[in-house]
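The structure under discussion is supplied below as structure tokens; questions concerning it will follow.
A, B, C, D, E, F, G and H label the chains in the order they appear, each numbered from 1.
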Amino acid sequence: KMDSDQVEKINGLLERDVELRENIKDQVNELDKKTRTMVGLLNKIHSTPPDALPALLESVRPTLLSCRDVTGALSTIIPPNQFWRWKDMWSNSMRTAVFAAALIEYLSNRALLSLSQAAELLGIKEEFSDRMTLPVEDYLHSLISLVNELSRLAVNAVTLGNFEEPIRISMFVKDLFAGFSMLNLKNDTLRRRYDSLKYDIKKIEEVVYDVSLRKLASPSPRPS
Amino acid sequence: LMATSTTASVALPTVTHLFDDFRADLDDHNDRRERLIKASRDITNLSKKTIFLLHRLALEQPAADDQNPGKRAAQQGYEKLREVQNIYSKLQSELVGDRFWRYQRQVSPGLQEYIEALSFAHYLEHGTLIPFDEVQKTLMDSEGVEQYVPLSVSDYLLGLSDLTGELMRFAISGISRRGGRAKAVEVCAFVRGCKADFERMSPYIRDLRKKQIVTAQSLEKIEDAAYAIAVRSSEYDLPPELLDDIVAQSISN
Amino acid sequence: KMDSDQVEKINGLLERDVELRENIKDQVNELDKKTRTMVGLLNKIHSTPPDALPALLESVRPTLLSCRDVTGALSTIIPPNQFWRWKDMWSNSMRTAVFAAALIEYLSNRALLSLSQAAELLGIKEEFSDRMTLPVEDYLHSLISLVNELSRLAVNAVTLGNFEEPIRISMFVKDLFAGFSMLNLKNDTLRRRYDSLKYDIKKIEEVVYDVSLRKLASPSPRPS
Amino acid sequence: KMDSDQVEKINGLLERDVELRENIKDQVNELDKKTRTMVGLLNKIHSTPPDALPALLESVRPTLLSCRDVTGALSTIIPPNQFWRWKDMWSNSMRTAVFAAALIEYLSNRALLSLSQAAELLGIKEEFSDRMTLPVEDYLHSLISLVNELSRLAVNAVTLGNFEEPIRISMFVKDLFAGFSMLNLKNDTLRRRYDSLKYDIKKIEEVVYDVSLRKLASPSPRPS
Amino acid sequence: KMDSDQVEKINGLLERDVELRENIKDQVNELDKKTRTMVGLLNKIHSTPPDALPALLESVRPTLLSCRDVTGALSTIIPPNQFWRWKDMWSNSMRTAVFAAALIEYLSNRALLSLSQAAELLGIKEEFSDRMTLPVEDYLHSLISLVNELSRLAVNAVTLGNFEEPIRISMFVKDLFAGFSMLNLKNDTLRRRYDSLKYDIKKIEEVVYDVSLRKLASPSPRPS
Amino acid sequence: LMATSTTASVALPTVTHLFDDFRADLDDHNDRRERLIKASRDITNLSKKTIFLLHRLALEQPAADDQNPGKRAAQQGYEKLREVQNIYSKLQSELVGDRFWRYQRQVSPGLQEYIEALSFAHYLEHGTLIPFDEVQKTLMDSEGVEQYVPLSVSDYLLGLSDLTGELMRFAISGISRRGGRAKAVEVCAFVRGCKADFERMSPYIRDLRKKQIVTAQSLEKIEDAAYAIAVRSSEYDLPPELLDDIVAQSISN
Amino acid sequence: KMDSDQVEKINGLLERDVELRENIKDQVNELDKKTRTMVGLLNKIHSTPPDALPALLESVRPTLLSCRDVTGALSTIIPPNQFWRWKDMWSNSMRTAVFAAALIEYLSNRALLSLSQAAELLGIKEEFSDRMTLPVEDYLHSLISLVNELSRLAVNAVTLGNFEEPIRISMFVKDLFAGFSMLNLKNDTLRRRYDSLKYDIKKIEEVVYDVSLRKLASPSPRPS
Amino acid sequence: KMDSDQVEKINGLLERDVELRENIKDQVNELDKKTRTMVGLLNKIHSTPPDALPALLESVRPTLLSCRDVTGALSTIIPPNQFWRWKDMWSNSMRTAVFAAALIEYLSNRALLSLSQAAELLGIKEEFSDRMTLPVEDYLHSLISLVNELSRLAVNAVTLGNFEEPIRISMFVKDLFAGFSMLNLKNDTLRRRYDSLKYDIKKIEEVVYDVSLRKLASPSPRPS
């Protein structure tokens, strides 16, 4: 017989999870709003001339940093050890946030945001690790989104008369791709998205081709 | 008591006899179904091979004296499709009377593939959509009296719908041939017209609605190819034939 | 691109079919009403004592015979050779009508209604054959429905105090099952329904078992 | 016991709905024919030179306006308060009609058809609101279809030698997309279709790129 | 261009619906709790001797009547004319509530709860009709659930030594089934559930058979 | 300049020649595949018919002097399956060497259906599961030297798994026969054993996992039938044969 | 640029996971073999007379206890905090193991194995909790499997002449079901499986009915 | 029920296959590493000037030849006649290896690597044929990958100032496409990939077009 103690205990466990899920959902909604704002603002890079870019990027930074409120809150809400139980609820949003951070970093410094920089920017502290961390897969997903966006930027930069940008993007993306190709990815979404990178690279190469064919800019030879 | 039990064992044969007929009837039906499935596979395979053949011939550089290279390709296609017509002529008794509609599900796939191949050859020769009656004629004996297999509007339209996919392949693969660019633009207009025509018929035929989506995709592919041609040639103020010649020369040199 | 006369011709053909379908549907609705009535009336056999049965059966017969109006109309509407094209629209209704006919025949004469008798009763004439016929499959479906109903009747007859009925049903159904087992069925609905027949036989057998062992059944000669 | 009054009343309710459904279906078929005609005609925009466009659009307008017959009829047929019960039967056709209206509006006036303009054009009156209205979701679906079509048009306009069109389309679509991205769409079909808009935008951007790279036309700089 | 007025207006419409959905969901959760309680209590009828039944049924009634709070609240929340838009959110729960009401009615008075009685019991007033009503389909679903439950009760009554109950159930269910079979149900869930009723009826008939074969009780003959 | 262009048209035949071989190779492969698909359909149909035949024979009341009616039925089954074996003997060259595994997807369905039929006959004769080697033996020439078609463990087990469904039909249909009740109880135990045996093998074979679910359902159906027998006979304190006799008499009277 | 340090670090992380997955898989295969052996042996309860049952159960116990090797190994392999990351790999097998334990417990002591007893039996220690624990959902899944099995056992016990077993099973299962119905299950697999329990209960009730109708055993009345 | 020696025999056969699969997997992992290395190195052809190419190609060759270790090992592991049973495990990797070989051959000698040359290079000996062979399909897949890569190279060569390359590639690829169009492919992956070849040809053609019209290409005799 399932005595009432048992029933109560089990019901307690089940209901705690229901409530937890609600709380997490609220935070994810919050994060979603932030990433939507960032993506909306960053969308303007495709029509912004180079000199106006820094101001645009600066306008995004406050929202980016405010994501720390969410990661902080999540690190409090998630019970110890249960990071992996709930992470699917926010992975998509978090990947978008990391993508935004990486795009800002590239456009500001022409540099690749590292995994630990990304975690730091988003306020994901080492000591949260059993409740909130930035898994390497999510970081890699964000980098792939970065490449997707840069291939679009290469096209639009030319439209804006900026013929150097595609060449810089080309070099950055090729390095990134070379890095990726050394990883041992298994057959999952990440692998499929990585495989699709070659279309972005081809697109960028074609832009560079168009530009150099018309002698609008010329790719500098690089050490192999 | 014995008597009634005998009556019982006399009654049995009646049911047995009745069901004997049913068994024969069902076995006959199933056997015919099997034969038609097998024949339909053969027809599908032959038609597919014909389509490959037509693509191959269409891709060959025509001999200089060939006025209508499409016609020459089509002739070879018709020739090969005669094998299919032979199969249908042998199936005639299997599909006579009410049998066609009984076995339609088994017969249609092959028939549609045949229509696809036939209409492709027809397009290469005439640049038009083969009319319903002409498809029907190819499935008749030489006197034009006996129909080997009835032609339904649905099979006709579904076969033609598949043609647009082949035309897309034909147009894009042929772009690097001399005159291929002009041909692609021509096919683009033709397929656009087909899609519009089929649109009004698609509410009537379930599968056609699905195939219209594929046709739309094929059309977009041809449009993209036509666009690429237009955009590249617009940089130069030269007539297309001259552009073709310059390119040809730089390769053959 | 189609010639406009082709377009017109094909549109004409397509619209003819739409109209045809409408006409058939009207007839099928008609037939459906009739079979609903018959099934409603025949449902009473489970609570009707033997002596009141003939009157009940007689009350169904007019509706049964009126099905001829529908089959006659269909044979006029359907174009030559197109029986199999449209038959799915009415097979269910027709199977129910044949089931009703076969049940009446069994309860009246303890005999199996033959396929040709069924066709004749429903007014399906030989000369209609390419537009309206009674295919073996549909007839067999009706016989299976008959067995389903008889297994229910075996139970209810005992409740009504009629201990002979299950035994007669048992013999009739066994013959029928032996007939069915002579067929080579492919994996379709008929096969699945045939497969379920064994449960009806088992049920009838249990009733016979109960009745025999309680020695409530008096021996009766079997009608041939 | 379910007395015959009850049965009759219930049957009355059920049959009223059956009939209603038939009537609605007839109207939807009517609307479907109209929208297919419009789509067929509008398909020609992809091969029509700019100067012949007004005549083409004019030829579609009568069919568009005739949709008012259907909405009027529906507003009469639908019982009070039952708009939401039946709307799934015609949403697809209605969305196509609104799409056609919005496409005509764009090509005529380079303007976005508003929700109330759309309702007005299709004869959906304020006072019908409990029987016939144009839900915002359906309107948004139509706008997405509009973008799909315009991205194709950008390509085909260039083929026809019209190099300004893609630039105008690009500006129109970017504004529309910016509007969309401010909406709080939940995770449903609309959201998925909205997400797919980025492919259309990329395609349009690439056309603008090709055109401006070759100096065939130049996008005017715009205030960001 | 989608001007900000438009965007704001549309967003207002979309967000009103999101909030509305939330509010309805809260009420449905409330209703769900009530129906779970009722079903839990009513489950005891299968082990309750006849004399203890009235007290059991009485204990359910307060919860049943408290459903009026939910229907009242819903009739306030739902905007005019939008009953059919949202009804799928609560149909399942409402059907369960009506089922509970009909079961109580049968066990108390051996009578069939009518559609209007059901609406009245649950506090669904005539004047709510554009926001809250009890559609006939839902009522019929509840009656089918009633039959499902009664077939189980017929079995368990015998286990408890109550041999009359199955006979009463049998008569009630047969009447109900006869009523159903006069309805013109189309091919949907309701139709499928109705078709499955014959298994319940067969089960009940077999119980009556078992009881009468053993002369534990005898079905009184009834006027046909 | 002319010279190089000649070289070009000489280079071409090399690719053409190469691809000619590929075409022959692919066509050969596709044709064989088609032949095997057709043969496999025939084998499936013959096997299904054999299963129906076995059910029919198993249902017949045995002649009074028949010591082992199951054996007689099985013999007729084996006889009919010889047609299948003949087909396999003709397919031998199509399945020789590495070809079996190349065409396994085309061959397996028929092979499994054959094993289902063969094992059914074997069960009727012996009341046991046919061993792997014995199945293999039926697919060899009369000298037992040449294997017409290799037997894989997977085909063997999947065929046997289907057998449990047929045994369920056999047990329940036979319940009304004299001795059928005892037979049903016997089959129940047998199928329960099969299910347990297959359980340990199912992680290795994907499809077997799915088929185990069907086997579990069949087993439950037999258990329910056995239960109905037990519950009804438990009201009477008589041995089962006597119960059978009483029932038989009340019917035959 | 993704420098080689980064690449190496990321590759290290990815490869650690690949290896981890391999190791877990080996353990799960091990567990799978054990549970299949147990299920194979426990399958015999359906044909084992009551007096031979203890020996049968005893023969399963060693395998059951040997599952502790697997849980122990897993608790060593799984990195801290990653229980929820990997648990899907073994949930099915673990549920089967808990089912086996609960079945043995019921057949030995007619008692319900509690969640903590289950964990203890399978060697899942409190201190493993961030690497290996027994989630309440999995425990509940196992109990549902137990009811599925017991409903089959009720049937087969009668076949073996054991008429008391179904009555005991009926009481046990009803208590369990009452416990379940007090839980707040959300709409997931667990909920669906719980909903299906009513078929098992009906089946058991019918067995109890058959047995008590024939006075082969009689359910003792119980306080409601 | 199986004899215990049968069980043992079959279990033996099943476990042998499991072990075999493990062994093959190890070899495939080995091959995967090699092909990843080769693809990484060969990716540099897009930024390598013609004179540095031979050295680059030379650097790949040792890895290519080391694939013979894997094919040799596989030919020992695979049982006689079982090539087709296991080949899906390595076809992808093998196709990549053949692709690498064909690319090297083209870039070194402007020649098509034949099937037998490919087999020889990879150490696939005639005598292995029932355990390890190079099927035509796989070889053709590799050629399609070659064309994909060459279309990308045509673009990048121009960027690097090499205007001859696209013209040579164009002639080579056209011959290959003519070869492919001689085949009767069924609807499988090969067919789909073949179908996509026309886009590569179109792309190459566009480059040739650009190059020719800009009169940047100097006439060059075609290598035979």
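FYI, a residue touches a chain if its C-beta (ideal position, glycine included) is under 8 Å from a C-beta of that chain, and two chains touch if they have at least 3 such contacts.
A quick note: this is a predicted structure, and the numbers were derived from the prediction, not measured.
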Comparison of B-H and B-C by number of C-beta pairs in contact, larger one: B-C
Distance between chain centroids, defined by C-alpha means - chain A, chain E (Å): 51
Approximate Å spacing (C-alpha centroids) for the pair chain B, chain D: 34
Computed distance of Cα centres, chain H from chain G, in Å: 50
Numbers and ranges of chain B residues touching at least 2 other chains: 5, 8, 30, 189, 200, 235, 253
For chain A, residues contacting two or more additional chains: 178, 182
Listing of all chain pairs that touch each other, if any do: A-D, A-G, A-H, B-C, B-D, B-F, B-H, C-E, C-F, D-E, E-G, F-G, F-H
Chain F-touching residues of chain H, taken from the complex the two chains share: 1-3, 6-7, 9-11, 13-15, 17-18, 81-85, 112, 114-115, 129-130, 136-137, 140, 171, 175-176, 178-180, 182-186, 221-222, 224
Chain F partner contacts - residues on chain B that touch it in the complex: 1, 5, 8, 30, 34, 37-38, 41-42, 45, 252-253
Complex contacts: residues of chain D adjacent to chain B: 29, 32-33, 36-37, 39-40, 43-44, 46-47, 152, 155-156, 158-161, 163, 207, 210-211, 214, 216
Residues on chain A engaged by chain H in the complex (per definition of touch): 174, 177-178, 181-182, 202, 205-206, 208-209, 212-213, 219, 221-222, 224
Partner chain G, residues of chain F touching it in the complex: 185, 189, 192, 195-197, 199-200, 202-203, 220, 223-224, 226-227, 229-231, 234-235
